[in-house]
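Common to both upcoming complexes is subunit A, partnered first by subunit B, then by subunit C.
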Partner chain A sequence: MFITLRHQITKKEIIALLLVGLFVLSLPGWIDPYIQNVFIMIFIYGALGSAWNLIGGYGGQTSLGHAAFFGIGAYAPAILVVKFGLSPWLGLFVGIICSVILSLAIGAICFRLRGHYFAIATMILLEVTRLLCLRERWLTGGGVGLSIPYKGNSLYWFQFDAKGAYFYASLVILLLVLFVNYKVSVSKIGYLLKAIGQNEDAAEVIGVDSANVKRNILVLSAALTSVCGTFWVQYMYFIDPDMAFSGAFSIEIALVAIIGGMGTVFGPLFGALLLRPMVEITSSLLGDSFAGVHLILYSVILLLVVIFRPSGIFSYLSDWYKKFKLKNV
Partner chain B sequence: MLLEISEVTIRFGGVVALDKVSFSVEENKIVGIIGPNGAGKTSLFNVIDGIYKPTEGDVIFKGDNITGCKPHEVCRKGIARTFQIAQPFKSMSVLDNVIVAGLCHEKSVDVSSNEAKEHLDFCGLHDKKNDLAGNLPTIFQRRLELAKALATHPKVILLDEIMAGLNINECDQAVELVRKLKNNGITVMMVEHVMRAVMALSDWVIVLNRGKLLMEGPPQYVANDPKVIEAYLGKGVSNAGA
Partner chain C sequence: MRRRVWLTMQILIQTLIDGLLMGGIYGIASVGLSIIFGTIKIVNFAHGEWIMVGMYATYFVWSFTGGIDPFVGLIITIPIMFFFGLIVFFLTIRPILYGKGNDSAFIFSTVGTSLLLQNLALLFCSANYLAIKTPYTGKAFQLLGISVSVPRIYACITAVALSFVLTLFLSKSYLGKAIRAAAQDRDTATLMGIKHEKVFIITMGIGAITAGVAGTALMPFFYVFPTVGVSFSLISFVVAIIGGLGNLKGAFICGLILGVTEALGTHYIASDAGLLVAFALLIVVLIFRPQGLWPQSTMRRGG
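This part shows the complex of A and B:
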């Protein structure tokens, strides 16, 4: 289930990737803005799932409170723009710093707990964050949320008229998170995390400071999740506590990684590729009469994956690809 | 003295697992630790290793008081340990298992990987390096435990019953391996029930019984002592060694 990606990339693979890359880059030029939005959702959920994957997949610690970092990442630029008239670029950094601080606190409290207890503790901390956000109306606007005023096409305010700009921005974020995943999987911390996930006590005895390693990966995961939150609020021009600090959203983030494939570089992206269009299609087809059908589908897919393919759906693709390469060498 | 155990006592509720145990270990010697089941041998290792914190007493290593240090700290200071029941990282390859151990003092995975291959060679696991650790037969899992311990660059290795369940040939091979450790400057403490190995290898023997240090001395001396024989050995054992 946990795969170290020590993979020698071939010339043919590079060419294939370049072609796919060029195709993706060209999309905003010719596809309908609604479809562009679907892609943006795929990229952002892919990025969120991949960021979660660092602590949940490689780290083996199921966090169900990751929306806390997302929410902070969203509220920071919103508060700075609305209350203080400061650029969301500053908000980006403030969001990251606050998320990192929260992640250190979560780590210090929750890493003493293992398995299910850790997951529950993260859910509780998320809820506490949500309630704090609701209460501190003077800062966050309370339950009404914050709307970001339109400042015109501007890089300084990170607002654009063309959807394509958001398409490319979210793609950049996705690529960043994927790159971090790749680096972790082949580096020292990746090996240590895998060992901790397999047998934490045995890892300790051979010199692995597991508390330190887990703390470091959570910080990384939190920072990247926060970046996604910042993008979100800039794209949506709006944030409220229910969206920012939602338990359901936390679970969706984890699901993307779990269904796609935890502990792999591309698993979560694949999960997003599968799940987001599914959500969009069911909402548009059945949204009027049967709102929330996608939630039923989430449950069914999750059950199927857990029973038949715990390593995630992406493993079907990667196994097929390995066989394909062996045949054609 | 490289390692000093000083008045170490550990109580679990009403049970006194170790009772004011004191002894010293000289550098580059092989110390055998014997005693009937429940004598406190594994508890002693757990205390040295940092897995248990003793109720009283101290563990002093190279002049440093390491009592109560966490296991990963103890490992980094130079004391490694193998477990009675091997604890490999089952879904990782044999090589990756040893790489992880090497990473405690090495930043680069590649450097650790090259070193890991040397340790695997030392333990006779060269051709198994890409096998999944969970699929290894028990005897090779034990060797993997040793390779992992070696990769942490220890001054002292605590071997917990590595001869258990081995046949005569396997036992002799294991004895050779332990001798190689000593030749490489490592100090070995071995908890053992297999007297053949204890007699063949030990420079010094510690006997524990019911948490107390019963006696200590050179293997022949200990083997012939009536108290020790009475506690656990039976007659004629003094002839079993090399």
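This part shows the complex of A and C:
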């Protein structure tokens, strides 16, 4: 809604946005740590979904292997801290660089393929990274995973005693990814991507270098996903191959965006806002004995959305808001 | 010295045979994936989970009948899988086929189906590994110092027989010809009076049957758990891409090639490198021949 009506943002809307912003900023001050954790998960899943949205939503290239970038972003600082005693800030950049290199390789291999082939190839490349990670025990600790040692409350080690710090950090990451999404949606590359997503052959006929555009956006998406991975490992203090490079996690990333609404700035965040509390509720109601229940709900919702509302649940909200606005102007 | 050479040869032949026997199963799994892609033009991302369902079906048929031979149990398993395929088609494919979705909607719906099936299995069958016991489980016969696993021989024979029957069905029967016609050109086939929805239903049923038979063939020497399908999905994707999606003969041959590659990798590189070698093969194929080894023949000559 903010894209299509961005020249007509009214004063009321600005005030409402400011109030929501202030409310979110004040949250760590008065909610308990468990709920803060739920919010952090919402922000990170929202950020991951939005990063996926760049290539999967705007570009229409369904990636089922985004966890590879997430995993690299998580392993880079973990390895640097555990094996070399270096700051995770360095790990952040190493992770981004490695993810960019991997995404360039994936782009070189996969962008000659289209549609289903791209989805399959990303899925398989994810499995390759997982198997490599399991094998190279000297570097990654193999299946045992890596635990980050506690170094005390410091910005240098990106470790904090207060949950609030993680809350704000994840919020910053979310806002960064949303900003990139917004920039892409109103810039030339966004329009090129939309053209490719709608009809790749037609886009190429009118002179869009589709392989180049897709590669650029994949690199951007990979770098942002990697940042989320770095945050994740700093927040959880632990990473193992089955978490970092899991196919189910890749699908969860994509689900957030698909259910929320692909190709929109706020759709993926909305998806995370819907799905994450649901996970928390089912796991607190049913406990660990029904580990997969939230995934059953996920997949049923996914099927319903794909069948009845391919544009995502967020589009209900934005349609309603447009009508509301027209009525009141 | 001579003895040593013979031993090396023996090991090589042993590895090749193991690979070929496993490759038969990969082949039949990929044939199911390929026939669905060739006809309905969707990649079934839940194919491995279909195999998982087939394995569970085999297990429950075996345990409810008090230990019937799984290959005899196929008379029950095959209809179950056929109806399973129909249910999946009507619930997750048909609404999109005639709805608003585009190409990637099929990816989402089949991925959703795979997630759903995995977690339903986790919920109702628990994460425990289940296996069945047959008189020939673990049996092997010796041939010139090479041991050949009996259940794997049965599995491979079943796979070859099924793909032979399938080829025959596609090339000789009226329905099979209709499927091939719809695979080549959906609109023209419709104009010729072929009801393409009927063709799709039958195709989904056949795909599910091949997955079920693959599951049955696996059960005497394998065990089933909710995420068993993931690796089979990946392998059938690799096979299908290398063989060229939609090409049944290519799919089966590549299944054999992949089985051998995996066995060689497992034996000669490292015990956990088998799949990596297979994926490396895929990447090489993607770089040098992205259209696959046998491209563009959508079941032209019935195979």
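One rule holds in what follows: the second predicted complex is superposed on the first by the 319 of 329 C-alpha atoms of A that agree within 3 Å, B and C clash if a C-alpha of one lies under 4 Å from a C-alpha of the other, contacts with A are read in each partner's own complex, and residues count from 1 in each chain.
Quick note on the criterion: a residue touches a chain if its C-beta (ideal position, glycine included) is under 8 Å from a C-beta of that chain, and two chains touch if they have at least 3 such contacts.
Everything numeric in this text was worked out from a predicted model, so none of it was measured.
A.B. asks: Should the pairing of subunit B and subunit C on subunit A count as a clash or a fit in the superposition?
C.D. replies: Overlaying the two structures gives subunit B and subunit C room side by side.
A.B. asks: Of the two partner chains, subunit B (first) and subunit C (second), which one does A:Glu204 touch, if any: first, second, both, or neither?
C.D. replies: first
A.B. asks: Of subunit B and subunit C, which one touches more of subunit A's residues?
C.D. replies: So, of the two partners, C touches more residues of subunit A.
A.B. asks: Once the shared chain is lined up, is A:Ala248 touching subunit B (first), subunit C (second), both, or neither of them?
C.D. replies: second
A.B. asks: Just to be sure I read the superposition right, which of the two partners does A:Lys188 touch: subunit B = first, subunit C = second, or both, or neither?
C.D. replies: first
A.B. asks: In the superposed arrangement, which partner chain does A:Val20 touch: subunit B (first), subunit C (second), both, or neither?
C.D. replies: A:Val20 contacts neither subunit B nor subunit C.
A.B. asks: Could you grab the smallest C-alpha gap between subunit B and subunit C in the overlay, to the nearest Å?
C.D. replies: It comes out at 12 Å between the closest C-alpha atoms.
A.B. asks: Can you list the residues of subunit A that touch subunit B in one structure and subunit C in the other?
C.D. replies: No residue of subunit A touches both subunit B and subunit C.
A.B. asks: Residues of subunit B touching subunit A in their complex?
C.D. replies: That would be residues 49, 51, 70-72, 75-76, 80-81, 83, 87-92, 96-97, 99-101, 103-105, 107-109, 112, 148-149, 151-152 of subunit B.
A.B. asks: Quick one: which bits of subunit A touch subunit C in the complex? Just the residue numbers, please.
C.D. replies: The contact residues of subunit A facing subunit C are 60, 62, 64, 109-110, 112-113, 115-117, 119-121, 123-124, 127-128, 131-132, 134-135, 247-248, 251, 254, 258, 290-293, 295-296, 298-300, 302-303, 306-307, 310.
A.B. asks: Residue numbers of subunit A touching subunit B in their complex, please.
C.D. replies: 1-2, 4, 186-188, 191-192, 194-195, 198-199, 201-210
A.B. asks: Inside the complex, what are the residues of subunit C that reach subunit A?
C.D. replies: It is residues 37, 42-43, 45, 91-92, 95-96, 99-109, 111-113, 115-116, 118-120, 122-123, 226, 230, 234, 237-238, 241, 245, 270, 272-273, 275-276, 279, 282-283, 286-287, 290 of subunit C that touch subunit A.
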